[in-house]
Structure formats: C-alpha cells, structure tokens
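Note that chain A is present in both complexes that follow, paired respectively with chain B and with chain C.
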Partner chain A sequence: MSDTMDNFIGLSAVLTGFASSILAPGLDPVNIKAEYLPFFTAKVAAESGNPQLVDSIFAKYASLAAQQLSDQQIGTAMLDPANGADFVLACRKLIFMWYSGAWPTLIPASASAPASTVSDLISAKSYTCGLAWQVMQSHPMGDSNYRYGYWNSQPPALNDYTGQQGA
Partner chain B sequence: MKNHIPSLRLLHLRRAWPLGVAASGLLVAFLAQGMAPDVSGAGKQAATVPVLSPTIPLEITVTSPPSPPTLASLQHDFDVFSWQMFVALNWPANADGSPNTKLTIGQAPRDSVVWQHWRESRSIFLPKGETPPPWGQNTPLPAVCSGINPKTLPPNTLRLTQIGKTPNLLDESSEPFKTGPLIDQNGRYTRYEILTNETMFNYILGNTLYSKAGQQAFNADADFPSSDPKAAQVGSIMVKAAWVEMGGKYDPSKFFTAWALVYDNPAEQHGVKPFCKLEKVGLVGLHIAHKTADEPQWIWSTFENVANAPTQGEKLQRSAYNFFDPACKDCQVNEPPPRPWNPENAYTKPSQIERVIAITPEAKRLNDSFHRALAAVTPNSVWLNYELVSTQWPTNASSRIDPTGVPAPSFLANTTLESYIQGEVKQTSSSCMACHNNATTTAGKSADFTYLLQRAQ
Partner chain C sequence: MSNPTYDLVIVGSGIAGAIVAHQLGRQGKKVLILEAGAPVPVDRSGYMQTFFKANAKTPESPYPPTTQNPTAATPDNPLGLPDPATENAPRYTVLQIGAWRNPKQCYFDYPPQPPYLKGDSPEVTFAFASSYERIGGGTTWHWLGTSLRLFPTDFTLKTTYGHGVDWPGGQTFYQALVPYYEKATDVIGVSGDKTQLDTLYTQFKVSPSGQYGPDYDYPMPAIVDSLVDQAFDVPAVTTLTVDGNPVYLTPTPQGRNSLPGDRRQCAGNTNCIPICPIQAKYDATVTLGDALQTGNVEIRYRCVASNIRVDDDTAEVVGIDYISYDEHTGDATGSGTVTASKYLLAAHAIETPKLLLMSNKNKNFPNGVANSSGQVGRNLMDHVMYLAWGLAKDPVYAFRGPLSTSGIESLRDGAFRKNRSAYRIEIGNEGWQWAANDPFTTLADFVFGQDTNQLNGNAVNPQGQPLRFNPNLPANSQLFGAQLVDTLNGIYVRQIRLGYLIEQLPDPDNRVELSPTETDHLGLPRPRVTYRIRQDYERDGFVSAKQVSTEIFNAMGATEYTRTPPAPVLYGAADQVTATNFQYQGNNFTFYGAGHIAGTYRMGDSKSDSVLNARQQSWDHGNLYMVGSGVFPTIATGNPTLTIAALALQAADNILQDLAAA
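Now for the complex of A and B:
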C-alpha cells in the first residue's frame, strides 16, 4: 500500500477501534478502503475548502504514530480542538463513514428546527461494509453470509469482529 | 506502517512453498520449467508451456515470487489449479473411468473423458428415496426413453433432462433468483447435468444422504471429505455441465461432443409431455468444484466454450457466437425468454447473452499458455475451444465471522450456467460460495456447499 493509504488505515484503526487487519486485510477482495480513501479526500477538501487538510491530518497521525504512542493517546491528540474545527470534524466524519458506510452532513439549528445530521450512503458495497453491523455481531439487512439457522446460535465473540484483544 | 503489514492467514502459510503437495506432474513440471506467474499486467509471456497431466491436483501450489503472496499472485495459483483440474478431468478415460495414461488430453476425441464416468445426480437421488446402485453402476433408462434399446446406445451416453442449473425449473415456486432456460442459436433449450466423483458419491451413499429419511436420520451438518495431499487422496469434486444440440448453426468440430438421451419427463418436470431422443450434444460450459483441505468452502472453477458470448462494452471478436447474434439489434440482453417455458417447443427465440464481468488479462494469458500446451499435443485439439473464466476461492477460509471465507473474486458467473444473474450486486449476482453457503439438507442442516442434497426424496 502507499504511504497515504497506510496512514488512512492506521488513522482509521485508531479512531474506530477496529484492527487495521480488519479494515484492510492482507488479502482484500472487497477492498472498501480503495473506495473510502478517495471519497474521504475529495469530501474533506470540498467541505473545508482546504485541499491540503487531508494531507495535514495524515501527517499529524504519522507523526504521532512514529512516537510509539498508544492508540488512545493518538486518538485523543487527533481529536484535540487545538487542531482546528475542520480538522476535528474531518476525523469525526471518518469515524462515521467507517461505521455507517455513509457520509454525514451537519445541518445547523435554525429557527424552526434543531441541529441534525443527515447522511448519504456512499455505495451498495459501503452499506454492507459498515462497521456498525460488526459491533452488533450481526449483519446488514438484506445481506448475510451466515448459514441457515444462525439465528439460533450465539454469534462469534466481539473480538472476532473487531480484531482487537479484550474487546 | 508497522500497524498495517499484510497478514496472511495461517492457511495460506500452510500452502506455502516449497510445494507441500504430493501432487501432479503438472505442478512439479510447471515450476521446474520456471513458469512463474505473470501478474504484473505487463503482458510478459513465459516461453515455456505447462505440462499436461492426468493427475488431479490436491491443493494449490503457491508460487513465488512475489513473496509474500498477494491477491493477484494467489489468483494466478488458483487459476493454474483450475486448468490442472480441467486437464485431468477431461483426460481420455479407460472403460472403468480411470485416465488412460497411454493417451494425452485431446487425443482420441471420440473417447469418453474421466468426469463422464462420474455419477449424475438423477442416478443418486432416486424416486421414493431408494438406495442408488453402487459406484460403477447406473440406473435403468428413464421410462420416457423405454422405446430405445439400451444396447443400441453409444458407450457413455449422457442423460440430459435439466433445462437449468436447478431441478424442476418449470416449477416457478422453486426457481431461485431470475434464472431461466438458455436458448441456443438454433432455438433449442440448453441442457444441463450435475455429477459427483466417487468420493462424494460414497459419502452420500455411506451416510444415507440420498433420501429424505436418511438425511433425517443423519441429523448433522454434511461434511464432505476434502482432498488430502499427505495421504494422496482425492476429495469431493462435483461438476456441472451445459450442453447444446449439434447441427444447424453449431459445427461439432468446435465442441467436445457426446451422445445424449435428451428427454423430458413429466415425473420430473410438471407440464411437459414424455419425450426422448438420442442427440449429439456439444459442451458449452463446465463448472468444477473441488473441496480441498485448505479450502473448506471448496474451490470453484468455471470454463466455457470460447465462442459463447461477447463481453459487454468490448468490440465483437467473432462473426458468430453460441449465445449471441451480432445481427440482432433489438434483442434484450441477458433476459430469460418469456414464459411459459417449454423445452418441447420446436423453436424459441434465442437468448442474447453477453458476459458482464470480463475475463482478466492474467486469466487470458494463462488460457493462452495452456492452449499452447494442448496444441503441442494435438494441433487441432477440441480443447483449444475452451477457456477458463476464473476461479473463486476463499481468502480467509478460517474466518469465524464469515463462513464463505471472503471469496475472491467476489462474483463469478458462467454465461451458460448463470446467464441471467451475472453482475456485482451482493445477494443477487452470481457468487459460487455466497450462494452455495446457504445450501441445506432436507432436514435443515448445512449441506456443505451443495444443493444436490435437496434433491433427496
């Protein structure tokens, strides 16, 4: 993988709590990361008006990772308000994207309605790849690889879904 | 990045080189001749050609470089496995079904080949759940063919009645997805058969899985034997073949042909009239599924006649196709014929089929290399008319959260066997493993990736 993709997956792992080997397996026929990275890059640039923002996010992450910090420390540093509102918002949207397979749009409160978030599904593939299903130890509606009768059995352990020990 | 080193699953490490496979001469010769996979896309062509062997491979051979294996390099290795299977199964057979090692594939083209001696599903799952005859024997001709003296039939005559992958296709209630009959350029129905090898048959027979009552008594998930390289034992293999009647727009010299009793049986297909005739048929499609130790989801290989159909979005390569009419401008592409479906119709408007997912350049190069090997033995070998479409295999066979093992490629279709469900939409488009993972016995237990057990009565 390219350095950019490495940073994208590394940052995504820190922010989502999933192991990078789950987000980007060594043998990856689904390859959702190849869809997410350019989508994320284009969206952040368009919404922030700053084409360099994604690069600066990845650079910050790479710097922190090189310091051998824990995932918790890196995540806290990445979401520090001192990074700037657009920077932090992009990181939060990255989490949203991985968990839902969709891209969020924040709608500020108005005189007639409270603030809200709407989201647009990125693709059919992203819908099935949403990590929310994994955390539920379940499957997307309409798409299950479990065998007949699975509903009568305990699902695999959460660790098997997240790739993290002690999850 | 230290936290994103591609991690190969254990099973792949077990496959790793040097070859741990007590396998075919082809495997060994392939490597001995230095035919490394060309997965670079640069179009480099190896100067050597693979050796053709009648030995069924028991496991894939992971080639190197690159090291560690990549998705592309492993795809190549599985595709080589598929061609090895194709060569071994289409080897000329002795009378007992064993490969005739005095011949090479492509020689004696009128002889039967190995897989034609296997057991067709209708001779396994008998009416009333009767016990099928043991391996090496067959059931009597169907009643609709009673007017034909069996002694007058050519050796190894096929029995073809299915008009789709699934049985009872004329029964709408059992039709999965949008499948339907495939109509050839002569306006005739394509016919199908499904066969098992001896290992798979014996498992069904030994565990009484040939009947509903037997499956009820078995009361467990099916677990067909896998190939065992250490013991040099061939595991379970099944094939699905698609055939068209020769004549008319079909030149028999372009097909592997066989004699077949083509029949319609009201006892099997509601609404048809009894009908049976002896026809020369030509092979247009062949699935091969092989359960191996490292791939409990089986390895799924699919081959086609090279003239079946053009690829969507590509320039036509031929003036005529087996299932596509270049002159037809208003034909609906990849749409089944209108109902009602009846294989006895003298003529049905031919299907207009296009391949949705192109054969990869890497697979094309491999096809070329095996074609060179086949031509070196027999310049006009009938097998030059067949090509590998692709191989589906599990990238994470031991996954605890995905019993399909995360197949690669995610979708795979044969234009003669999954004509109308090609594409890349999950749970809709053809994926061998994703579909067959749902197979159950009639007792509601996992059927280990085969729907055959649903045919038990």
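Now for the complex of A and C:
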C-alpha cells in the first residue's frame, strides 16, 4: 500500500475500533478502501474548501503513530478541537463512512427539530461493506453469508467481527 | 362477442391473477394476462443492485420504475422522487407519504383537508400509508411471507360483535374457504407446524378439534424461532392477560422455505421486505412461471388496461382496452382491445377500482363498470399499525433471521371486539430498522453527538426510566474506537420492536376515486384517495396497543424507547403538514401502513351494497370476476396474502365451472 493508503487505513482503524486486517485484509477482492480513499479525499476537500486538509489529517496521524501511542491516545489527539472544526468533522465523517458505506450531511438543530443526520450511499458495494452490520454481529440486510437457522443461536464473539484481540 | 380469442383475460400478474391463470391453464383453458409493469427479470441481481444502492430501503426500492434518485434531488424534492405524470405505470410508494400534498412527487391525489379541524377530530384525512408494485409478479415481491389463516369470527364481525359487516354467508363462507386455505398453503409453500397452532386454534374455536380442516398440515416444517422471540417468550410476559385474553407467542407460518426444494432454503438475509435475494421466500413469479409453462397462458407486459367495454344489451363484458409502452417514461407504442369469454381483474385494491371507475363510457354504466351499488373504490382499508420499540435487558441479537418469525396471535379475538379493534402483534427481528432507521440513526447519534434515538441525551420515558444508554457517558457523547464499538454493539444487539396490526373497519368514505386533475404519462387519471381513521373503535385499538406494549416491555425487563410523535399539523405549507399523525384521548399517535390494501370492490350478500357476490363475480356483469384483497368485506385480523390465495383458488373453480356451463 502507498503511504497515503497506509495512513488512511491506520487512521480508520484507530477511529472505527476495527482492526486494520478487517478494513484492509491481505487478500482483499472487495477492496472497498480503494473506493473510500479517493471519495473521502474529494469530499473533504470540497466541503472544507481546503485541498490540503486531508494531507494534514494524514500527516498528523502519521506523526502520532510514529510516537508509539495507544489507539486511544491517537484517536483523542486526532479529535482534539484544537485541530480545527473542519479537521475534526472530517475525522468523524470518516467513522460514519466506514460504518455505513454512506456520506453524511449534518442538519443543525432548528426551532422545530433537534440536530440530525442524513446520508447518501456511496455505492452498492459500500452498503454491504458497512461496519455497522459487523458491530451488531450480523450481516448487511440482504447480504447474508450465514446458513438456515443461524438466528436461533448466538453469533460468534464480537472480536471475531472487529478483528480485535482480547476479552 | 361471438368469437372471443381467449377463455379468460386477466388484468394483473400478482399472486391472485397468477393463481387463477395457473389453475385455468392446467385445465387447458386459454388465458391472456395484461400486466401494466415491467417483465419478470431473468434473475433478481438487477433488483438487488438497485436495492443496495437505494438510500431509503423502502419496500418498493428495488423495483422499477425508480422510486428515488439522489442525483435529481432539489431543495424541494430532497429524495429525488420522480414525477408520476412522466411515468406510464406509476405507483404509490412510502417515500411519497411525506410528499402527499405535492402531486409532482406523489402518485395519489388527495382532497384538501376539511377546514377548521383539530388534531383529534375523526374527520381529519391522512396520507394512505401502504404501497404496492406494478411489475410482473406484483406486490408479493415485497411481502413479508406471513401466512396466517383468519379466524371464524373474522367472517362475522357484524353478527358477533356489531361492527363492520359480515362476509357473505358469514360462517358458511368460512367453512367453504377452509379447503382452499389448505390448497393455498401448498401453492405458497408454507413452513409451519400445526401442533404449534393447536393452542391458538382451540382458543378461537377454529373447529371442535382445534384443527383447521381434515387435511390440515404444512408442506414444510416450521421455521426456527429467533433469539428475539425467545426473549419475549418468558413467563413474565406469557402470564399477562389483555382484556381477559392470555398473552402467548405463536410461531408464524411463513411462505419461505425451511428446507431446500424448488426454492432455496431461507438463509436469514433479514430482507424479506423489500426483497429476498435468494427467493427462499415465495413470490408470485413462481406461480406465474407455472402458469406460463402450461403452454396455455400468455402474458403481455407493459400493457396498461385502460377501459372495460360492456355490451349495451347483455351487460356482459365484451373486451378490455389497453395501451402499451416500451419505456417507463416513453411514449405509448400501441393500443388495442382483448376479448375473452370471461374477464378477471386482479390489479390489487387501488388499480382495480381505478380501472372500473375509468370505464365510464358504457351507455348503461355511466358511473363505471360493476358499480351499480356505488361501492367501487369505497371501504378502503389497511391494517393500521402501531409500532413500539425498546432495548431488552440482555442481548437478543436483532437484525438476524427472517424479518419476523413469531407473533402474539392470542389477542386477535375476544369479547373486547364489541368495544375496540382487535390486533395481532408482530415481533420484529430487525431491531429498530423500521422504527428508527437503524443502524444508521444510532450510529449518527454516537459519532456526531446527536440524540435522535434518545440513547445519547437526557430523555426519560413515560415510565420514568432514563434513556441514556450508558449513564457513565455524558449526554451527546461523540465516540470513537473501542468505546464506539462497545456502545453500538450493546445497543444493536438489544433492540426489540413490536408491530400491532389493528383492524380497520370498512368506512364508505375511505375511498379511491379518479383524480379530476392529475394523470399519468398515458393520460389516464390517477387515484384520488380519501383516508381517515374515523372510529373510536379503531382509535381505542391504538390506546390498547400503547398500553400493552408498555406492559410487555416492563414484564420482560426491557426499557421502552417508543418516540412520542409530534402533534398533527393539518394546515399550512405542503412540506409542513403531517401525513399520518393524529391525537386521541390526549395521546399523540402516528400510524404506519401494513401494506395490506383491502376492501375497494367488496363481496357481499346484496347487489345494493357490494360489488361482487360470494363467488367473486360482479353483480352487474356475469362474466366479470375480481380477486385480491379488494374483495375483502373486512380486513380481519391476519395478514391477507394466504386468504387472497385461497380466494383466488376458489374463484378459479368458479370460473372453470362457469366456463363449463357456457
């Protein structure tokens, strides 16, 4: 992978809580990362009006990762408001994109309604790649790899879906 | 006509039309089906791709014509809804509900709200909340698969409880239908276990033995229940009573394969609605294929029936006019008239009455065909739905398996039916997907610090329980990493949802008419729909549903998250008025559609107040028959499809009998 892709996956793993091996498996015929990286880059540039913002996000991540910090420390530093509103919002939208396969638009609170979010799916493939289906220990609705009757017993452990180790 | 081309012309290729076509085709009768919509595709992968890409995964989202187009979105059309005036076979979709006051986006035309009403007035009109398909195979493409039989008292609501009407002949009708239920179970391929239904059928006196007819069984074993079902099936819940009735779960007989066979074995895609990706669930393309394979059945797709011709002297139907097209938004490519000995309308409960009403050029039938009673289009019904949702105290692993595998059927009948609507309770396996558009809403809440689903703020439910999921987190938390994983997991795996299918009474003012102003691209009038929930009887069903949900959730130790809907907004800008909100006894309610459109060409005992006799034959035109849930005099307490199939099988026998006698 390129440095940019390495940083994209590394940052995505920290922010989503999923292992890099789940986001970008060694054998990756689906290869959703190749769709997400250019999409994310273009969207952040367009929405922030700052073509350098994505580079600065990845650079910040790379420098934090080089310091042997924990994922928790890196994530906290990336989402620090001191980085600027656009920087932090782009990182949060990155989380949403990985979990849903869609790009969010935040609707601020109004006199009649609280803040909410709408989103546009990026592609048919991205829908089925949403991590939300994995974090619920299930499958995308309409795209099950399970067999008859699986719903009658407990699913595999959450870590099997997130690729994380430990309890 | 002296030399008709076919024995039977059918309008519509859904389950009812396909069953009749197959039954006649296998007897060597020549049948032509006119289908307004697109052909059955060679495989369903194209529909699946459309579904995957759709932002709103509504029941209609996989099917043509397109229901939503984000690239065509504008500020006043954020979902990119197509203009029905540009489509040759448009249909109503649930995305149109919110746009119900805008005919540029909504296929149905609605009359203006009567003036000076309050939110609790029974005269308030609403958007209709259910939809249908106009494609080869019809609406079973997006049905759930629930294959329940109605109870004997469902056929005698007037005689037994003093409400609505009886089905023609009442108990006699029911008894005659029993063997057809058996046959319908085979046609659909229902998975079920009759011993699981013994308690229920004994409670409701289906027969002295508690069994549903002498040959009663299911062709496949029952679908296994879900962990969600098991969370409800605990003594604290099953010792509850409601208005004297016991509460207990019944595994749902379902039109999906529990064993591999002609169709694949269900793999639990949790997507029965909008589309089963592997056709483990029955849909009418199965029967339509069987019909076509008899060699006696033809189908013409993209042929929209536009007029029924009636002989001035005999009052017999002598032809059906149609308009053909090639592209959804293209020009008409032809027109013609098809003729047969007998005619069958099977275009569901909106398009069938529309066709009858459009056929108003016949000298002796100026109010439309089959409409001497004035009942065509009236008594539009649905199961109006109340949804309740919550979090179970322990994981139930929602979002797995078929969308529903069990229900509470034990509240479908009882003395309380003198006072309020009965209902069945469907137990959802899809978490808060229907109720709150999860997983995406809760995701946004915890990524962006919002609180739409009440899990990330300071909301307290009416039982006084704080709703913040993790009291150790501040309100409006914005999470990432392991904490986000654990929080979302903890929520999603506990999500539960109940849906109440409340029996709506026939109301002659709930009706389908012809729009005086709006047309489709072929120039045919669009439906004008007037829809109310007018009776306290029905509204009391909502009050009961709300109370019972809270009791069940409390009993099982769950926390209720049902959102109280906003008060109705009846007047103002088209995008500001509410569509399905009402008030009753101080409660704000919203209702949902069950997709069970019924009643608009009902059967009855008398020519004066019904469209069809008990043989599903027009009182006015002896060679015209109609099938589908539009024939239902009442919507009853079970999902309609099995009854639609049974009635279609019965109608096929009637038509065969009449063809033999001719």
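In the analysis below, the second predicted complex is superposed on the first by the 161 of 167 C-alpha atoms of A that agree within 3 Å, B and C clash if a C-alpha of one lies under 4 Å from a C-alpha of the other, contacts with A are read in each partner's own complex, and residues count from 1 in each chain.
Definition applied: a residue touches a chain if its C-beta (ideal position, glycine included) is under 8 Å from a C-beta of that chain, and two chains touch if they have at least 3 such contacts.
Note that this is a predicted model, so its numbers are computed, not measured.
Participant: Just checking: does A:28 make contact with chain B only, chain C only, both, or neither of them? Give me first, second, both or neither.
Facilitator: Only chain B; A:28 stays clear of chain C.
Participant: Now for A:160: first (chain B), second (chain C), both, or neither, which partner does it touch?
Facilitator: Touch partner of A:160: chain B, not chain C.
Participant: Is A:104 in contact with chain B, with chain C, with both, or with neither (first, second, both, neither)?
Facilitator: Second partner only.
Participant: Given the touch rule stated above, what does A:16 touch, chain B (first), chain C (second), both, or neither?
Facilitator: It touches chain C, and chain B stays clear.
Participant: Examine A:146 and indicate which partner it touches, taking first as chain B and second as chain C; both and neither are also allowed.
Facilitator: Both partners.
Participant: If we overlay the two complexes on their shared chain A, which of chain B and chain C does A:117 touch? Say first, second, both or neither.
Facilitator: second
Participant: When the two structures are overlaid on chain A, which partner does A:128 contact: first (chain B), second (chain C), both, or neither?
Facilitator: Both partners.
Participant: Return first, second, both or neither, reflecting whether A:65 touches chain B, chain C, both chains, or no partner chain.
Facilitator: The first partner, chain B, only.
Participant: Can A:136 be said to touch chain B (first), chain C (second), both, or neither?
Facilitator: Second partner only.
Participant: Using the superposition described at the top, determine whether chain B or chain C touches more residues of chain A.
Facilitator: Here the partner covering more residues of chain A is C.
Participant: For chain A, which residues lie in the overlap of the chain B contacts and the chain C contacts?
Facilitator: 124-125, 128, 142-143, 146-149
Participant: Report the residues of chain A in contact with chain C in the complex, numbered from low to high.
Facilitator: That would be residues 14-18, 71-72, 75, 79, 92, 95-96, 99-100, 102, 104, 106, 114-121, 123-125, 127-128, 130, 132-133, 135-139, 141-144, 146-155, 158, 162, 164 of chain A.
Participant: Can you tell me which positions in chain C touch chain A when the two form their complex?
Facilitator: It comes out as residues 48-49, 51-55, 57, 70, 78, 224-227, 258, 265-271, 275, 277, 395, 397-402, 405, 429-431, 433, 439-441, 443-444, 447-448, 450-452, 478, 480-485, 488-489, 492-493.
Participant: State the interface residues of chain A toward chain B in the complex, per the touch definition above.
Facilitator: Going through chain A, the ones touching chain B are 1, 3, 6-7, 9-10, 13, 20-21, 24-30, 65, 124-125, 128, 134, 142-143, 145-149, 156-157, 160-161.
Participant: For the complex, which residues does chain B have touching chain A?
Facilitator: Counting only chain B, the residues touching chain A are 1-9, 12, 68, 70-71, 74, 395-396, 400-404, 406-410, 425-427, 434, 437-438, 440, 444, 446.
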